[in-house]
Each structure stands twice: as structure tokens, then as C-alpha cells.
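For reference, the structures are reproduced in the following blocks.
What follows is a pair of complexes built around chain A, which joins chain B in one and chain C in the other.
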Partner chain A sequence: MPLKLLLQLSWRNLWRHRRRNGIMVLAIALAVTGVMLMNTLMRGMAAEMREAVIDNLTGHIKVIHPGYMADPGIGRGFEPEQGWERALADVPVAGWAQRVRVPAVIMSERETRGVQLVGVDPAQETISFLGSLSVDGEALSGAEDRRIVVGATLAEQLETSVGRRLVIMTQGADGLNREAGYRIAGTYDADSNALEKVFVFTGAQTVARLLESPAVTEVSLRLESGDDIPLALAELGAVFEDLDVKAWQDLEPQVASMVLVADFGLYIMYFVIMGALVFGLVNALVTAVMERVRELGMLRALGMRPRSVVAQVVVESTLVMTAGVVVGLALAVVCYLPFSGGIDLSAFSETMQMMGVRNIFTPRLEVADMVIVFVLSLVLGVLASLYPARRAVKVTPLDAMRR
Partner chain B sequence: MRSARMASFAIAGVSLALVSGPLFAEDEIAVASVDATAVQLLQGALELTRGASSYTRLAMKIHRPDWERNMELEAWTQGQEDALIRFTAPAKDAGNATLKLADSMWTFVPQLKREARLPSSMMSQSWASSDFSYNDLSRSDNYLRYYEVQIVDRNQEDGHTVFSLQMTPYDDAPVVWGRETMVLRDDYVMLSQTFHDQDLIALKQMETRNIGPLGGREIPLVMRMSDLAEPDHWTEIRYLEADFDANVPASKFTRFALRGER
Partner chain C sequence: MAAADIAQAPPVAAPTGTGSVGIGLHMRVAWRNLWRNGRRTWLTASGIAFSIFLCVVFMSFQLGSYDGMIDTATGMMSGHMQVQQVDYFDDPKVANRIAGGSELLRELEQSPDVVAAAPRVEGFALVSVGERSFGGLVMGVDPVREPEVSALSKQIVEGEYLPRTDSAYVGKALATNLGLKIGDEIFVMGSALEGGVAAALFTVDGLFDTGQVELDRSILQVPLSAVQSAFDLGDSVHRIVLMGRNANDATAIAERLAPALPEGVRILDWDKLLPELRQMIQMDAVSGLIIYVLLVAIVTLSVANSFTMTVFERTREFGMLIAIGMRPGGIVAMIVIEALCMWVVGTAIGAAISFSLMVGLGIVGVPIAGLEDMAGQFMMPERIHPEVSFFTLGTAPLVLLVGTLVAGLIPALRVRRLKPVEALREEE
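On to the complex of A and B.
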């Protein structure tokens, strides 16, 4: 039986029950729209978290001492050789930074807090959130700067302000305490309060002087593209033989798994919502088949092959599904476009900052996801038609005439 | 908790004197700008309640608006580095001890049968929930290394010359205060010490409330540390017994002794 005739038959059958099939198409369309919009939010959130983590002094790749994660401190420092970055000649690198980062205690006249003291060279920090930070007061002028920059939230907790002195206490490589007073050059306002409470910045040379050690505790790299991570890992591994060269996924496994969950989230949402809908579709198709028992019997009596009967039901199901998905995807795009530039959440910024989400939230609609949804729907459409098709094939001309 | 760092001079004056470091540290950056008389006064005050080795018995009263607590403790010191403090009353706290050896401090709680080295993050916490911090117990050489010391006033009182000292920490000194002021008598008895924040608002004050002879010396017998930011918060320390030339065995300053075992 030619495909064209098959399509014609199916098409006409569908139009015989406009309301029933229309409702089905609409239900599928709304489900697809819902899934897609939810997915844009999840994608946006995952991308945000990934970016935030890469920004937050992690970078794409970090070189650390193997024992640093378990026991952070200058005792787990190292001195990178001059010119190590030449090993990465064939990987496009956005930038790198060498830092000294040690746990420390910071004290004002009234309060004491535990923080991470980070010695940086501001010129290298274009790769992290430090580069684009809004600082109240003055930013660090260089690796030699003897002042500190603290988070606005921390300054508030310590009941101190720009120009005041704070005392920082930490441990040297020999395990003995080192302490000194530092003036506050400025306070910074980061996207999340958690960051502001944790990181205290000063010049790398200043920390080196306090700790009496020229070592750094980390080298952080940002690549032009996250796709180059495996290549860069291999090349850096050869340079820093005794050290750990780690991708951000290994350094921040929680965030990496959240990003992974977002990847699977699409499938989960899709199957939960569409799985329920498919039964509706099966029901509609079975009903259509049962209504047409006499007609199918006649077609069989006229010589229509069972194969063609099956094909007809499958085509019907697929047509309904395709129509629903196309409308749904179109609707999703229409709903998404006004928000594609980002949603301004500053009205709720206090709460959002606690969750580590930035003020502007950008949902992401990805073409790849749309293709996945489309293909999955076609497969689901075919699967949904199998049972109704079997029912249709079971109709013999004899059965049909008895009705 | 108001965890403020006080110069230990306060306590050194009471001879809890868990003293640290040589009085004149090797890096005497500061000394040039320090008034020689002022240095002598500070040094004298430190030495007043501390011999080569000493034994003292003290009563401590922690006062809060809603409650008050009385404790008794014994303290042994040896040289300028080592000290052991043990609470003897009330029964609940008896046996709690603090040991200082050079730069390290340990605490011992008998109920837990465990000694613990104090991490640096704890050093500014309150000691035995009093108005003193661990830092107060562990330092004494701060003055000369980290402060510019000036005598701002002299008076005659009761046959003594009374000096008012003003101590301003250097910019990179590990001192949170904006300024400390101290009133000292020419016989090295400290009358008061006040800690100001960087706006020069007074936050804490140590006052001598009674002076008298004990252990063969004229010393501040009762001293009170008040939290000026929290009205009616103070801790008072009173000497019950003192021997500034006690023969304390070196075995007193070990972690074994900290556990109270003999």
C-alpha cells in the first residue's frame, strides 16, 4: 500500500474526531512546553553554578599539592618553575594565577572569624571573580600591596570598616603561629554572601612575608574553552609531576554532579510527564480503533494487508504526537524569548544571595534539548501505537460483520 | 561572644603570668621610639608579681547581670615561658587546667580525661568563660615590640609618682586595639589599664581595687576586668596566697602534670 494513501487515510481519520484529537494535541503541546521551560531553568541554574565555581578561584584547572585538600596550609605549598606555562603552547588559555591560600583567623576589636587568607597578584586575577569585583574603597594595587580587601558581609560581622586595622593569625610551614595587623584597603561586594565571608585578599608578597615562605599553594588556569580541559590536564600533568593537576569537576564534585543532574533532568521530567500522557494517547487510539471495527473489517475484506492496518495506526499516533510536539516547542520558544536576556531577581536578592545565585538569572533554551525532545516524542508516539495497532490487526472481516 | 584580645600585661600583673617570650624580643624595631622610663615601668610591673618561679592561689569571680560565679585556682610559673593553672573550686570545675609551654597552650578537662592543644583560632576566645581571653594569658612581650609607648602624664599621689602611659600599636602590629592606656605607680603597681577600639572608644578596663602586701611585696591584691560595652559584665581576681620565690619542680610544667597526675 503506498505511503501516500496511508497518510491520506490516517489524516482523514484524525479529522473525523477533531475535538478528541485536538485536545490530545493540546495536552501534548502543553506538556512539552512545560518540560522545555523547566529545562531552560535547570540549564540556566547549572550553567550559573558552573560559571560561579570556575570564577570562585577554582578556574577550569587547578594545580595543588596532593595533600592540600586534606590539610590546607603553607606546609602543602610548592614553587612552580619559571616558564611552566610554555607547556601549554597548543591549548588556548584565557589566563592563569598563582596564589597562596591558607586558613586564617581574622580579628577586630570586637569579633573573631575564621577565613581563607588569599595572597594574589591582582594583575593575574582577571580569570576570577576578583577581576570584576566592585570594591568599596580601594582595590589591591599589586602583589606588593600590604593592605587587605575583605567582603562587605565580613566587615559588617567584624564591626569594622575601610581604613581600620584587622589582625590576621595563621600558621607558618613550621606549624607555629604567624600574626600581623593589616589595614583594610576596601570591602568587596560579591554575588554571594558566603564568598564575602570566606575570602580575605591581600598581595601575594605580603602573605609570603607573613608566612616566611615563597611558596604558593595553587596555580589556577582558565581556558578559552572548557572542552580543552582533558588536553590541558595531560600537558600540565607532565610539567607538575609531583603535584595534583585537577579539573574543576574533581575539585568541586558537588557542583559537577549538580550539572550532571541538570543533564539528566530533561529526561527525568520528560518521562514523568509524557509517560502519563502516553496512556491518554493509547486510550484515544484504542477508542478510535474500536469505533472503526466495521470499517477495518471491510478494508481487510477488500484485501488490505494486516501490515498496512498497523502502519495506519502508527501513522495516526505519530501525526498526533508530532503536531503536539511542534506546537509545544513553538510555544516554549515564544515563552522563553522575553526572558532570554535574563530575569532580574534583585527584588529577592537577599534570599538569592544566600543560595549563591546571582541577581540576574539567565535561563537557557538549547537547540540540542529541543531535538532530543522531538526525537523522543516520535519514538514514544510509535511505542504508544503498538497496542492499539495490535487490537486493530486482530479485527477479522468475520468479527466485523457480526457486530 | 565578645572575644577581644587584651594585652596580657593585665594578667601578668596578677601573676597568672603565663608569660611568653623574652621581654625584649630580638627584633627591637620599636625600642628606639619608646620612652626609656616607660619601658622600665612596664618591665618592672611585669616582674613585680613573678619571680624566677612562683606559686599563687587566687579567687576569681565572674559577674554577669543575671548570675555570678566564684572560682578558685592555683598557678605556678617558671621563668618567662612556662605556666600551669589549675582550678580547685567549685567542685564542678576542679581539675580543669591550662598549661603553657613556650608558644603552645594545652587545656585539660578531667571529665573528658582528655588534654587538647589550643588551636590558634581559640586563642582569642574567653578563658573559663571569664572576661579574659587565652591570649591574655599567653603574652607579655607585646608592649615593647608592637607599641609606641609614651608617658603622657605624671602625678603625685599618696607619696608615689603615678604615671599615665599611652600605648599606640604600630600599623602592622598584631593588636586589634586602637590604643591602650595604663596608669602605673613608681613602685610598679598597676592601677588601671584601658583598651580602646580604633575610634578610641574604651571597650575594656582593668582596675586595681585593692593594693596591699603579699608574698613580701606590695602588689595589686584585687583586680577587676570590666567589659565596658556590656554593662555589669566583669571578672575579678583576688590574691589569696603568693610565693614569688617558690621552689617549683620542673615536672610541674609538663603535660603529665597538666592531667593532675603526680
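On to the complex of A and C.
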């Protein structure tokens, strides 16, 4: 039977029961919209968490000494060779930064706190949150800058302010304590209070002078695209032979597993919700077949092949599914658009900060996910029609005449 | 004669008041009607069963994991409640202390609501071993009371928990970083109350490993009195950690205890001590709610669809029933009872499977395999016990009962507009 005729027959059959098929389309649309909107939230959350950890001095890839994680300190530093970045000629790199990061104790006249002292070259820090930080007072001018920049929350805790001095105490490579006083150039305001309490920044050479060591403790890279990570890992591994070259997924396994959960979440939600839907769809299709026993019997008597009968039911099911999915996806886009710029979630700020998400939350509607939902629905539509189609094929001209 | 007989014959069934037929008959007819199209009934009931199963399982696990999360999170450090100086929570500095700590502790322990109480003194200090040093939080605790409010003492991997007055209980990561082993001496130095130097010498007698590196390398516990004297604190404490019988009662207990506290001291429940925990639970609950609402809405729609089909197919039958004297209201009632029976079948299946599964798992608990990393980060316990309560088991069936009745009622109301003559002419 020509496809056009098949479509025409199925289409008209559907319109014979507008109400019934309308309810089905509505139910499918509702399910698809719900699944898509939940998915945009999960995707947005995962993307924010990923961006946040990459921004928080991790980058896409980090090179560290194998012992640094267990014992962070200048004793676990290294000196990268000049021009190491040339090894990455064929991977587009957004930027890289060499830092000295050591645990330190910071003291004001009144209070004492434990912090991470980070020596940076501000020109390289366009790749981290430091590049886009809003600083009250002055930012660091260069790697030679001998002043420090502290978080606003830490400054409050230390009861100090811009222009005053703080004493920093830390260990040199020999394990002996070093201490020195530094003037506060500015205080910064980060998305998370936790960051503000932990990181104290100064020029890389200032830290080198304090520690009497030219070594750095980490090299952080940001690539143009996260897809290039495996390639970059391989190439860097060849340059930094005795060091650990790690992707952010290894450095921040919790966040990486959350991102993975978001990937699976779409399928789980889809099958949970659509599972409930399939019962209704099969029901409507079987009813449609049983109502047409006479008609189907006659068509068979006139010479319609069983194959065409099956095709008709499958096409009907797929049409209902397609209509529902198209309406559902359209609805999801309509609901999504007003929020595509971001939702203010300050009410949940503590959790968000703990999970590394900013106060303004941006959901993400991804075309790839819409395609997945569409394709899955077509497959489900065909599967749902199998049983009704089998019923339809079993109808013989004799059954029809007995009616 | 014949006409007179008929006239005198007792009226059959028709005018027996408003009810016309008994509920028993209605039930029987509805039940039989339901099985006239067994396939449809099974399919619709399976839809109901499926969504009840999903909702019950999800809800039990969700609520079960909350209780586990709250117990684990409050049991680690914070306790169910804490008594603190009013400014201490926002500004945890040594000077924001509760004077007369032991007196207040004794009073709080007398309260029947308080199962356990333990005082703490905290101060940031430089911990040094030989030439190496590290900034950390020094926590002065009561070695006898502390284990009753915090799980830290149970995370011991080596040695003993504070056996002497100069013992220190140190995280394994901190010990590794400083090259410490049991029996080594550590020197602790910080700023005391009056701006002087607080210094004390301790011996490492125990090591703990919580799995959270941050905690393991930044905290050490030592006996309360040693910290009090080193920091010039006298009898002052910073926190009195309280445990009630159940974490869920914390807010109520806190309200009862608050009026008896001295001035300048307040009580905080875990809701306020760990705001991120409550928010995480709320966020999770909201996303769960969306899924439940979707599931219920979709099943309600498919039940409505099923009844729309039923009602349309039986137009002729209904027309005849009306023609022989059944009231439209009676037919509506019959259809609603059919919907009710449908719900009973679906719920029986869904509830039988999910209830037995949840009760079983509720006793045994389900280990969270492969999620140890996340379990640490998100304060999850190692095993989830799904919550088995009227709320988790009953909500989905009851909401779907309403949904099913509405789904049956709406198409049924059409019957009231039915004209018997037209209905009888309708094609079968």
C-alpha cells in the first residue's frame, strides 16, 4: 500500500475520535514538557558546577607533584621548563597559569586563620575566577606585587581592612617556618564565602622570595573546548614525565559524578514518566482496533494485506506520539524562554554554594536532549503499537461478518 | 380483568424512594461492567499500579534518605542543638564565650528532653611538630561526654580517644602531613582571650579518619580543661552540644529550653546550625514533587481516557437504562463506582508489590554502592532505610483515588444530557 494512502487512512482514523486522541496527545505533551523542563534544570546545575570548579583555580587540566594532594606545600613543588606550552601546538588552549599555592596561617592584631596563600601572575589569571573578580581597593599589578588581596569575608573575620598589614606564616622547602608582613591591596568579593575565606593572593615572585624557592606547585590550563582534554592530557604527560597531569574530573570527582548523574537523569526520568504513559496509549490503540473489527475484516476481504493492517496501526500510534512530542517540546521551549537568562536562587544560596553553584542559576535547554526525547518517543510509539497491531492482524473477514 | 390486575400489581422496584436501587446492586453491576472489557481494565489498572509503585518507592527512599542524612550530618559534629553566645555563630571568635559553662551544662542535663550534652571550646591555632607547622582548629572537648554527641571519636583508626589530660586526637591526614605518629608531642599556639599567647603541649594518643580530607587535616581534639586554661577561658565554653531523642524534635525542644537560658546565650537547632542541609532537602523534595505530580497527572489522564471510551461505547445501553426508568444520577453513580473498582484493582496490585518491597528494604536497608565519594560530600549515610509510614505508602494511592474518581466523573456527567430516543438510535 502506498505510504500516502496509509498516512491518509491513519490520519482520518485518528480524527474519528478526536476527544480520545486529544487526551492522549495532551498526556504525552504534559509528560514531555515535564521531562524536558526537569532536564533543563539538571543540565543547568551540572554545567554551573562544572564551570565553578574549573574557575576555582582548577582549570580543565592541572599539573601537580604526585605528593601534593596529601601534603600540600612548597616541598612538593617543581620547576616547569621554559616553553613547555609548545608541546600543545595542536590543541587550542584558552590560557594557562603557573602558581605557588601553600597552606599558611594569617594573623591580624586580633585574629588568626588558616588559609591558602596563592602566588600568581595576574596577567595569566584570565583563566580563573581571579580574572573576573570585583576587588574593593586595588587588584594585584603583577607577579612582583608585594601586597596581598584577601576575601571580603576573611577581612571581616580578621577585623582588618584595605591598607592595613597582615602577617603571613608558612613553611619553606626546608620545612622551616617563614613569616612576613604584607599590606592589603584590596578585598575581593567571590560568588562563594568559602572561597573568600580560603584564598589569599599575592604576586608569584613575592611568594618565591618568602619561601626562598623558585618552584611552582601547580600549572593550570584551560582549553578552548573540554572535548580536547584527553588529547591535551596525553601531550602534557609526555612533557611532565615525573608529575601528575590530571583532568578536572580526577581532581574534583564529586562534581564529575554529579555531571554524570545529570547525563543519566534524562533517561531515568523519561522512562519513569513515559512508562506510566504507555499503558494509556496501548489502551487507546487497542480500543481503536477493536472498534474497527468490521471495517478491518472488510478491508481484509477486499484484499488488504496483513502487513498493511500492521502498518496502519503503527502509523497511527506514531502520529499520536509525534503530535504529543512536538506539542510537548514546543511547550517546554515556551516555558524555558522566560528563564533562559537565569533564575535568582538566592533563597537557596547556602546549598548552591556548597554545591559550587552561583546565585543566579541558568537552566539549559539543549537541542541534543530534545532530539533524544523525540527519537525515544518515536521508538516508544512503535513499541506501544506492537500489541494492538497484533490484535488487528488477527481479525479475519469471518470475525467481521459474525458481528 | 387483566388491566385491573396490572393496576393492582405491586409496583416493581421503580418508586422505592430516591435511591431506587441499593448500593449492593450498584456495586455488583459496576464490577461486572468493569470486566466486560477485561483487557482495558487490566491496562488501566496496570497504569495505576505502575505509578503507585513508582511513587511509593521514590517517596520512601527520598524520605528515608533525609532521615539518614540528618542523622549522619548532625551526628558528625553539630549535634541536634547547640547553646552558644549570641554572636558566636556569625563570628566564632574566642571572646564570644559562655561564662559559667559547667553550671549551665548541669542545668541543661537535668532537662528530660536532653539525652546527651557536651561542652566545647574552640580556637584557631598553629600546630607545630619540631620545625613543621600547620594552621588548624583546636577543639577542647569533654572526653567522657563528647562521644555521646559526635561520631568523631568512633572514627578512630589508631590509639585511644583522649585517655589523659594532655592527649590529642588528630586527623590521619594532618598526622601524615606533619610526620606524626602515636606518642609524638605537638605544640599548639594561638591567641588567648586577653590578646596574650595561648600555648600548650600535647601528646598524640589517637588518630581519626573520617574520609573527608578537609576535616582530617584541619581539626584536632584535646581535653576541654587544657584549652580553657591555655586560652585563659576559665570555666567558659563556646558551645554546649545537645542531643534529643530524635533529630526531628530539635526545634520543639529548643523552644522549650530557650526561656531558661541566661542572658546573652541562645540555643540553635540543626536547622540553623546546618542551613545547607535543610535547603538541600527542600530542593530535593521539590524536584521529587514535580515527578510525582507528573506521574499522577498522566495516569489520571489515561484513566479519564479509558472512561471516555467506556461511556461512548455504552451510549445505547445508557439510553435503554434511562428509558426503562433508571435515573441519570444512578448511571453516573454506577460509572463512578466502576472507577472506584478500577482504583481498587490497580492499588491492590501496586500496593501489594511496593508495600512488601519497602517494608522489607526498610528493615534491611540498601547500601549505596559506588557512591562513597558523594556520600561523604553530601552527608549521606552508608545505607538508606526507606521510610515506611502512612505518608510514604498512603499518599500516592489516596491522591490517585481522587484522580480516578474525577476521571470517571467527568465523562459520566455526559449521561445527564442523554436523550433516551437518540441514544437508542445510536449505532453500536
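Convention: the second predicted complex is superposed on the first by the 382 of 403 C-alpha atoms of A that agree within 3 Å, B and C clash if a C-alpha of one lies under 4 Å from a C-alpha of the other, contacts with A are read in each partner's own complex, and residues count from 1 in each chain.
The definition used in the following text is that contacts are C-beta pairs under 8 Å (C-beta built on N, C-alpha and C of every residue); 3 or more make two chains touch, one makes a residue touch a chain.
Computed from a predicted structure; not experimentally measured.
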Fit-or-clash call for chain B and chain C when the two complexes are aligned on chain A: clash
First (chain B), second (chain C), both or neither touched by A:R146: first
Contacts of A:A180 with chain B and chain C, given as first, second, both or neither: first
Partner chain in contact with A:Q171 - chain B first, chain C second, else both or neither: both
First, second, both or neither for A:F279, with chain B first and chain C second: second
Chain B versus chain C as contact partner of A:T112, first or second or both or neither: both
Which superposed partner A:R307 touches (first chain B, second chain C, both, neither): neither
Contacts of A:R402 with chain B and chain C, given as first, second, both or neither: neither
Chain C versus chain B, contacts on chain A by residue: C
Clashing chain C stretch [against chain B; choices 63-71, 171-179 or 189-197]: 189-197
Contact residues common to both interfaces of chain A (with chain B and with chain C): 105, 107, 110-112, 114, 169, 171, 176-177
Interface residues, chain A side, partner chain C - complex: 19-20, 23-24, 26-27, 30-31, 34-35, 38, 41, 70-73, 103-105, 107, 110-115, 157, 169, 171, 174-177, 253-254, 257-258, 269, 272-273, 275-277, 279-284, 286-287, 291, 348, 350-351, 353-354
Chain A to chain B touching residues, read off their complex: 105, 107-112, 114, 146, 160, 164-171, 176-177, 179-183
Chain C to chain A touching residues, read off their complex: 39-40, 43-44, 46-47, 50-51, 54, 91, 93, 124-126, 128, 131-137, 173, 176-177, 190-191, 195, 218, 275-276, 279-280, 282-283, 287, 290-291, 294-295, 297-299, 301-306, 308-309, 313, 371, 373-374, 377
Touch list for chain B against partner chain A, complex: 2-5, 103, 120-121, 123-125, 169-178, 195, 197-198, 203, 229
